[in-house]
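To start, the structure itself, in structure tokens.
Going in written order, the chains are labelled A, B, C and D, and every chain counts its residues from 1.
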Amino acid sequence: MRLGMIGLGRMGANLVRRMVAGGHQCVVYDHNPDAVRALADEPNTAGVHSLAELAAQLPAPRVVWVMVPAGAITTGVIDELTGLLTDGDVVIDGGNTYYRDDIAHAKTLAAKGIRLLDCGTSGGVWGRERGYCLMVGGDRTAFDHAEPIFATVAPGVDCAPRTPGRNGPITQAENGYLYCGPTGAGHFVKMVHNGIEYGMMASIAEGLNILHHANIGAQTQPGDAETAPLANPEFYRYDIDIEQVSEVWRRGSVIGSWLLDLTADALHTSPDLAEFAGRVSDSGEGRWTVIAAIDEGVPAPVLTTALYARFSSRHLFEFGAKVLSAMRKQFGGHDEESS
Amino acid sequence: MRLGMIGLGRMGANLVRRMVAGGHQCVVYDHNPDAVRALADEPNTAGVHSLAELAAQLPAPRVVWVMVPAGAITTGVIDELTGLLTDGDVVIDGGNTYYRDDIAHAKTLAAKGIRLLDCGTSGGVWGRERGYCLMVGGDRTAFDHAEPIFATVAPGVDCAPRTPGRNGPITQAENGYLYCGPTGAGHFVKMVHNGIEYGMMASIAEGLNILHHANIGAQTQPGDAETAPLANPEFYRYDIDIEQVSEVWRRGSVIGSWLLDLTADALHTSPDLAEFAGRVSDSGEGRWTVIAAIDEGVPAPVLTTALYARFSSRHLFEFGAKVLSAMRKQFGGHDEESS
Amino acid sequence: MRLGMIGLGRMGANLVRRMVAGGHQCVVYDHNPDAVRALADEPNTAGVHSLAELAAQLPAPRVVWVMVPAGAITTGVIDELTGLLTDGDVVIDGGNTYYRDDIAHAKTLAAKGIRLLDCGTSGGVWGRERGYCLMVGGDRTAFDHAEPIFATVAPGVDCAPRTPGRNGPITQAENGYLYCGPTGAGHFVKMVHNGIEYGMMASIAEGLNILHHANIGAQTQPGDAETAPLANPEFYRYDIDIEQVSEVWRRGSVIGSWLLDLTADALHTSPDLAEFAGRVSDSGEGRWTVIAAIDEGVPAPVLTTALYARFSSRHLFEFGAKVLSAMRKQFGGHDEESS
Amino acid sequence: MRLGMIGLGRMGANLVRRMVAGGHQCVVYDHNPDAVRALADEPNTAGVHSLAELAAQLPAPRVVWVMVPAGAITTGVIDELTGLLTDGDVVIDGGNTYYRDDIAHAKTLAAKGIRLLDCGTSGGVWGRERGYCLMVGGDRTAFDHAEPIFATVAPGVDCAPRTPGRNGPITQAENGYLYCGPTGAGHFVKMVHNGIEYGMMASIAEGLNILHHANIGAQTQPGDAETAPLANPEFYRYDIDIEQVSEVWRRGSVIGSWLLDLTADALHTSPDLAEFAGRVSDSGEGRWTVIAAIDEGVPAPVLTTALYARFSSRHLFEFGAKVLSAMRKQFGGHDEESS
């Protein structure tokens, strides 16, 4: 299939390469001409310098994959495409768009008969090689039309053993892509995927932090009236090699996972992670997952506290902590311990 | 009643003054002679320079109130008293002893026929004037013997309106002290009291922190790919006067409480709390409360996350946060945002 | 002042009575004629049968207090009032409106020159007697005009001792009402107040639940391979009288609070609370507080887990719990224990 | 090597088969003679009917693997072995013993010169085929002696790709077993492993629960004053096929993991999990992990709330929830909604 790609950052460029390697042809655009130039020399890849040019070079019905930052930039591209594409064309938004924005975007495009597919794309910088896990929502006929692209981009069934009991024909999901439902369903499922990711990451991080402090009983405990002393130091005299632990857990344990693989990789490169300050960012999906839980009225304490741990790592509870110290001073005359 | 007081720190000294003001006589001891001297000039207060001397000056059955730091120091005093007191005497441990230690201490003392009362004492630096809330465990006959002391130390019924429907004689609890059960019951109830205190304090602190950041929509939002931008800045343009808010909530609101009174006091003195760094200590009871919840198998997520917020305020998740940043770098190529 | 009251439910009717007792005159309306009739016989209270009639009976500039359920009903009343009131009139929304809706409502009213005051009203069923804590946002001149009403409705300074250091003239906040800022500020502060309320309530509930289970060590522990046995039953043999504990904590303790007073009252009436099933509702402000924390990017784990405990109490994690049991069955062959 | 196995439950029996398949000979014992008989017919497996007989059939220095329920039963076996084994023998405790008990057991055995290895064994019912991930603590020379057993039981390096950058000789950890440190270190690491497992499981369960409720906006919302209505039902009209979602996430996504594989398996077998009631057990390690975090003073909110979600699933907050409903009734006159 000949399709367009808008946005040639890390994700977009790798998607193009994977598509071309799978037999498709790509017309590529980025607002940065250097990014276009860098890719345009590759086989079956044509660079263009405007969205109008991109639209002109695609056969009908056009398929255009948008891979730009979520929010205002994506909305801007959608708006411009509404003026350039025509009835029956298909826009795939592969970014991290909030599913509620998809609903607005679909309405804009539908006024011209253009169909939107919202496509949650997981796999990060490793996806070009491993393939990307795709969660797609929107018009079902548009999905059927674009399915060959999804099948190429996805990892394929061979990257994991089939689930016991699945013996029939290989399904979409087993190939690593899934039509999830009407507009927004793809990004909704991707949003929850990222929420789970936050929880899993925090689980590993909390566990390793407990191991990191397992020798606290061997350290001198300064006499400090303000902090509870360790009652049983004899139980905390382990000097655990966390790099080795993360490696051993990769084979045969219940917590084996890709995130653990990456953790072992990071710790092998840098056992004490000294190049990191521990200020952990969040990019939206975790927040939206929590808001979805609250709107639905279902508890999500693990995913939420995982999100809050990131906020705290950026010192955003500082004023609240001062309030706590001030109260302790008020009722007990307690001074803060020095750092 | 003539009783002994061991430990003349802030709490011990104020207890002595309140006891004497209530008609009792005190024989007082502290390992620091200056503390003894400071108090010994007051009426009906006799200073002594050893526990032996203290024991010698008390009528049988002796009543000795121990008000020293919990842990090894309390255990040391109990051990020494075991050698000095005799059958029928009563030791009151008014400190923040772990209730499990009470069980050990009671056994030690019981070998000589000495009875232990474990007495959780709440009220902080304000107790001399307000009275102390007392939660007592141990031998019931010892409690009955010492009850006049507890009645003096407690606030008395007049400090709060009677609960609707309570029309009969004033009960112990209404006077501000309570026999809670066998050895350890007093400190167990006090432990849970402090656990609740952690949760209430954190509730107020989190709420005020949300108000403190209520103008985040009015601040310049730097373009930052690593952190979710605020989708709806128009909803966060409030510049709330937190000092005034803490004051208005003191009258008529559902969250009226002594902790709120103290917060209003602290904020009136120092509206931005600049003299605090936000490193919040914890002194044991919060930890023990969580361990009790876990042993009992009952959920206590609010009390526990309140405790963890204190740990985090002392930067004890730093290694874990580095693990999170390292994972993000691995799968997404994300760099940490600069501080 | 002569003002209108729309909505004569528990809150609205009590507000009218408190206003009239404070020297004001009220023109009252409810969509239920019986509610109008019930109140219209009281002194200085005139019942009307439509909003038009209400508008006709008020002097300019009119002041109308709206006390109806938040959401669609409040919006409907605002819309109708927009057609009936005129330039310079003042609408006070005293309900639990989401502060974001205030911004929309203010815009609607402003088109006719009508000014909105959003007024968070705390105090519940006790407010008629105790007074209501009022947090007000909106047009400052409108606030100044309506201030005599707020002063009457609020508890006044005498219901709590002045904060130490406050010696000058009595401030608004000390009288129990506060102008918090532009439109929405009042309901924003009230929203956070309720968020804190959720956290405080959960703190007390978790603590009492721990005390309720403090005798778990005395109960027969069935041999059960699926659940961790209690390692140290000797530490959990207390039969705590929770009703008495809630009473003793009311005097002199650090956690003294109105919520504790209410808890003591409830437990005095019904020590085992058998008439409750433990399905805890939530009415919006807790959810909005969490969403505000997330939008601001500040951690609120205590307030959030308090909210989630309510969701869980209504069995809304059931499917998730089944997923957990299914996983345990998969990797460990564990069957669920029977109930 | 010829070694003994005590305990022929699911785990013990599978370990024997894997050991024998790897070239070792096993002398096997269980207190249930049927379990001995069931295994004794297999090649290179000799059944015995007492621990004394088992000791008699092993060459010096003896190696005995104990695979019985943690707690009193393990302690009983250790005690009995102390009387039967001799200087230089090695006991491997492969169960889920609390690492603090290891320290006591090691002391008991050391009095006779017997060496203990505490061996955390992960892999569940799948381990016979996949191999078990082993985390070992205790005497280093004993570990070296028994290492051929561990190498056989572990999965071996081939079950996962080598971590990038690991190019030298295969390490212990890469083979799936690790010497972690002195007595207790193995079970300490295993304990934290299970803590992480709780967090990961809860992450998946919470996420799937959010997807399960994603069509809440399409359901009739009864008018209910006690529960917040859904403000934006148009965003919650997805009917997500959770079975398919769990399958698609297995390939290429960031949350790919063995636990997800098992979830997909469970959902393929039973899409609505109707055979589960959602009462989730916990078997100790999760609790101990939280206690370790608290003793160390490090925050573990994700692991802890995951544990509490299990407690709540067994209705252990019921009394606390009644307290919440009672408070709401007191201050707001709110009745509980009916179920």
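Convention: contacts are C-beta pairs under 8 Å (C-beta built on N, C-alpha and C of every residue); 3 or more make two chains touch, one makes a residue touch a chain.
Quick caveat, the model's predicted, so the values are computed rather than measured.
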- Query: Chains in contact with chain C and with chain D: which ones?
  - Reply: A, B
- Message: Report the chain whose CA-based centre is farthest from the CA-based centre of chain B.
- Response: A
- Higher number of C-beta pairs in contact (A-B or A-D) found for A-D
- Note on the structure: The distance between the C-alpha centres of chain A and chain C, rounded to whole Å, is 38
- Per the centroid of Cα atoms for each chain, what is the distance between chain A and chain B, given in Å? 44
- Computed distance of Cα centres, chain D from chain A, in Å: 29
- In chain C, the residues touching two or more other chains are 124, 202, 204, 206, 209, 213, 227-228, 231, 254, 258-259, 265, 282, 287, 295-301, 305, 308-309, 312, 316-317, 320, 331
- Which of the residues in chain D come into contact with chain A in the complex? 99-100, 103, 122-124, 127, 130-135, 154-157, 159-160, 163-166, 171-178, 180-182, 184-185, 188-189, 192-200, 202-204, 206-207, 209-211, 213-214, 216, 227-228, 230-232, 234-241, 244-245, 247-261, 264-265, 268-269, 289, 292-293, 295-303, 305-306, 308-309
- Counting only contacts in the complex, chain B reaches chain A at residues 10, 69, 71, 98, 124-126, 201-202, 204-206, 208-209, 212-213, 225-229, 231, 258-259, 262-263, 265-267, 270, 273, 276-284, 287, 301, 305, 309-310, 312-313, 316-334, 336-337, 339
- Query: Which bits of chain D are touching chain B when the two form their complex?
  - Reply: 254, 282, 287, 290-291, 294-301, 304-305, 307-309, 311-312, 314, 316-317, 320, 331
